[in-house]
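The two complexes that follow have subunit A in common; it is paired with subunit B in the first and with subunit C in the second.
The block that comes next holds the complex of A and B.
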């Protein structure tokens, strides 16, 4: 049989034509309309190139030049799941919910599969995502098949929920585009520990979109551990809307993938709300990691904290773009943004672009960036105590990261992050 | 025993040590005194192997083993310990972890078994008690947020745990009140043994009331210009370095 392999945007559009009738929600007019609009947007925009300002430092050609198939989910023998971190876990393989691998009963709040919940998600799915502005979000909207839907009722402390994403091994590169919807009603709380991984020998694209809405006084801790396989791509976009008195606490660890974009759009929509966006990127070889944050202070008396730390080995490349938009109403805004990079190799590179747009007059907003090598005095101090140079270096790099991870107050989330960092080091030493 | 012969060294191409000859026999404690900028810290860094301090001539051996060709960690394993004039802060590195890593590195070098967390804690607690330090110190980042005195005590704690055969104390007494000074002195005196020697760099004779040196050397402009017994320190305290300069 002859098949024409389409690559890039054309390939995905072609796939949409073929799958259209089989994608979930094909009988729901509103879903169809969303998909068709997104397809038109994606057709018009294509994959962003470096000529687009927001993509100046990240070249998507490794993704757009490749041809991806729909994932044929076959969970290999080697892909056994490690023990769950908490009592509840939702497992996705190639972006599809796998009930038999998950434990979601008795959560005390609603957790389920987006594909199943779809008839009840009109008005909620797509409420925050902006496919017209982000081609990758348009791609996700066009092709999403499944995702996690969580609703924590008012006043409920949801505890810890693990979100586990696996990619299966396959001959042909595959792509999946899960859409996750997280809603915390007034005064609710939840910790999500998310971990994404995949086989080291498979090329795949994981293109998740999160829509997170936090009602008054809700608190969401969202720890994201990205350790996709070395040939994998993750292009993820998080939209968060934070109402008055609510807190969104995001920590993203980028330790895997050939290329990753971690894009977060957060809106502090109600007074006295808070947003923490922190993260660490551990890069080696030819890895490329891009963290791009867009934060809107759209109400008075809100606080935001961002600290990103990147460690670069080999020829790796790190990118941090952080935009803070303080609206005119957002008086007494307290904003802080810091980006620090540790360059361990002369061939590694970090690009940093902070961007502050301030339209209110009573505002405290600071930002900074540092790039450096390991401190010679610190290194000598350790070695003078008998610690061999390689070990002394790893102690200092871990210390650099520790400062970022220390800020994660949820213990399960912090432990998960610490063990992921330790795992990265074991590989580094091997 | 530490033997230094004709040692010359430069920093940034500028000669600082201009021919040092010094012997500290095993079991002895020697003091080095001298005005600011005379090269005392430079000598201690050269012995510990700090980068940027370039040896241009001469030799330094510990028990016949050449120190100058070794990496800093190898010198530490060979028994050299430098208590820094300005201890370095290591944010994000826990003091307990740091001390255990250092101790186990040294023990490995000596062919001794490594200590597990419990064994280490037992030893560390005993040393802390001797030095009248709070256990709290183990939980903090290395020297982070420590007062000047706490930093110096932390150096002495490291020395007590690592049990070097040659301790170099670079102005460990400066900035300490009299109680802290006694603790530091007790720490050094506790290590005194036939196979231990120390080089105590100080500005003040005060410390030498508590660590009585076998010999006192005066270092000026990169050279040892005078050597004497403990009484030399007292004499310097009374009449200053100008008298030495005149005599030299």
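The block that comes next holds the complex of A and C.
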């Protein structure tokens, strides 16, 4: 049998044609309508090129030039699941929920698979995502097969939930597009520790979309550890809507993948809400990592804090684009954003575009950016005290990253991030 | 907050009456036929009796322009421009061109007198007594002025005094005839004709502008200045300025501009090219005061300008200082390409938008040479319904070891109808380079206002004082004569909102 291998946008559209009848929700008119609209949008837009301002620094050709198969969802024999971080965890393999590997009983709130919950998600799925504006979100909407659905009832302290995404080893590149829906009702709280990883020798695309809505006074800590395999691609988009008095605390660690885009759209929709977006990118070899944040201050008296740090080795390239948009109603906004990069190699490159767009006058907004090598004076100071150069460098790099991690108040989340950073650095020193 | 409410009321009360340069001079003019095509380009070239190579250069630029798209990325909004509905050449009627100032049309002289621009040699800017020929004589420093009226340069003062030092300061159309080798060598080498939409348009139809050449080792003995005036209706002004500082030369150049008040929008698309060779220094200061339109946003100049410097020589330095108070729309990014090792680029800017004004301005610092340094200080003030955007690029090439940049962008908002935006791009490809950027946006602090008012200052004076303090870092970079004018202008631009 001859098979024609399609790559790029055409490949995914072709796959959508073939899979249409087998995708979850094929009997639900509203799901079908969402998928068809997204397919039309993706067909019209294709993969964004660097001529699109939001993609100026990230070239998606390594992704769009590749051909991807449908993921087979088999956990390879050689793959062992790491020990759980907490009592509850939801495990996804190739974007599909694996109940037998997960532990979600007795959570005290609803956790489940999107594929199963789909009939009850009309109006919720797609409420925040904007496939018309982001082609990769259109791609996700067109082809999502599963995802995590979490609903924490009002006033419930949900504790820690681990979200694990694994990619299985495969001869042929695979792609998966999970859609995760997280809802915290009034006064609820939850910590999600998310970790994505995959085999080092397989090319795959992980294209997750999160829709997070936080009702009045809810608090969500979302720690993300991205350690995809070195041939993997992760193009992720997070949408968060934060109602009055609620807090969204996001920390993203980018340490893996050949190419990663971490895009976050957060809307401070109610008065006195808060958003913290922090992150670190640890890059080596030919890795490319792009963190793009869009923070909308759409209500008065809100506060936002962002600190992003990038450490670059080898021929890696780091990108940070951060936009703070203060709407006219958003008086007494307090916005702060800092992004810093440490270049440890003559061949590395960092591109940074912090951006303020302000339409309210009673605001306090600032951003800062610094780029440079390790400070020679600081190195000298440590070495003068008998610390070997390699150790001195690692002390300085750790201190540089610490500032971003310190912002994470949840202890489980912070410990997970700290050990991930330490693991990266050990590998680097070895 | 009654103080703010009052401020807003006064901002709204500002009308076109405050633009004091809005008169029109009645003078006989020669026009090119309306519209833009190859014949317009040929007409302009013929009017200037240009050599063949320049006509060809223009036609090539025109062909390029026809294939280009107007940029849509700036954060400014305006109705589509009909490029066929404008005159591309307008010159005061003259017989053979004035041999001296005495032959210049008295109406023109009156115009410049009214604007306070000294065309008469040894005269100096209004309000300062004791004009002298050089500082050595104990008087104030004289200023050599090139006056550009619509499409042509009408007078250039102090030419002979400058010629003694080998300095060339004349209209660029004159330089094409008198110093073709220099013009040919440098024209379009910093801003190539196809650089961008407006630069291509300018290259095709530029009419006049200033040409400056400072020879090796010469420190220009006085400030050089060009004064641009758009007068005729439905015309665009497309001037082109070229300044070359040879090895070790030092020059300070000032530029001012005004236009009559009209309901229509007029286009100003200039190109400025600066070339700095080894150890030379160019200081380029602008006080931009084109007609900004009325309180409802009718009329005003579209100021779409390309300004760029190449620091070609080692240890060369270019410093841009701009005070942007006028124009309905400003689109302008004076930039430095730092090619020579140890070269220095600076950009100091104050941009004010009031009423319906929009400004999208900033700079590009391209670090190529080793140990190149750049400093960017930008102060944006938005009032009324004004929109003010800082857009800038700092790029460090892999070759620029030890490069250093510091950028500071501060925005001040007065009133809740305006906007302030910051869009910096930082691209670093050299690990030994250090780039720092910081930006803040805030409004005038209540406690600062309270402190001033408590000491008996009116609210307007207090706001004026605070704004002047906010801009001080930039204003102190201006040559003295200009600093006085700029401070006055700052007050008038924000009259009502900042006294």
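Just so it is clear, the second predicted complex is superposed on the first by the 430 of 430 C-alpha atoms of A that agree within 3 Å, B and C clash if a C-alpha of one lies under 4 Å from a C-alpha of the other, contacts with A are read in each partner's own complex, and residues count from 1 in each chain.
Going forward, contacts are C-beta pairs under 8 Å (C-beta built on N, C-alpha and C of every residue); 3 or more make two chains touch, one makes a residue touch a chain.
The model shown is predicted, which means the values in this text are computed figures rather than measured ones.
Novice: For A:398, select first, second, both or neither according to whether it touches subunit B, subunit C, the two together, or no partner.
Specialist: first
Novice: Looking at the overlay, what does A:200 touch: subunit B (first), subunit C (second), both, or neither?
Specialist: In the superposition, A:200 touches no partner, neither subunit B nor subunit C.
Novice: Under the stated touch criterion, which partner chain does A:383 make contact with: subunit B (first), subunit C (second), both, or neither?
Specialist: first
Novice: In the superposed model, does subunit B or subunit C contact more residues of subunit A?
Specialist: The larger set of subunit A residues in touch belongs to C.
Novice: Who does A:53 touch here: subunit B (first), subunit C (second), both, or neither?
Specialist: Second partner only.
Novice: Using the superposition on A, tell me which residues of subunit A are in contact with subunit B and, in the other complex, with subunit C.
Specialist: Correct list for subunit A: none, the interfaces share no residue.
Novice: List the residues on subunit A that touch subunit C in their complex, please.
Specialist: Checking each residue of subunit A against subunit C gives 53, 328, 331, 341, 343-346, 348-373.
Novice: Within the complex, which stretch of subunit B touches subunit A?
Specialist: Interface residues on subunit B, with respect to subunit A: 48-51, 71-73, 75-77, 82, 84, 87-88, 90-93, 98, 101-102, 105-106, 109, 158, 162.
Novice: Please name which positions on subunit A make contact with subunit B in the complex.
Specialist: Interface residues on the subunit A side: 376-378, 380-389, 391-392, 395-396, 398-403, 406.
Novice: Tell me, which parts of subunit C touch subunit A in their complex?
Specialist: Those in contact with subunit A are residues 73, 398, 411, 413-443.
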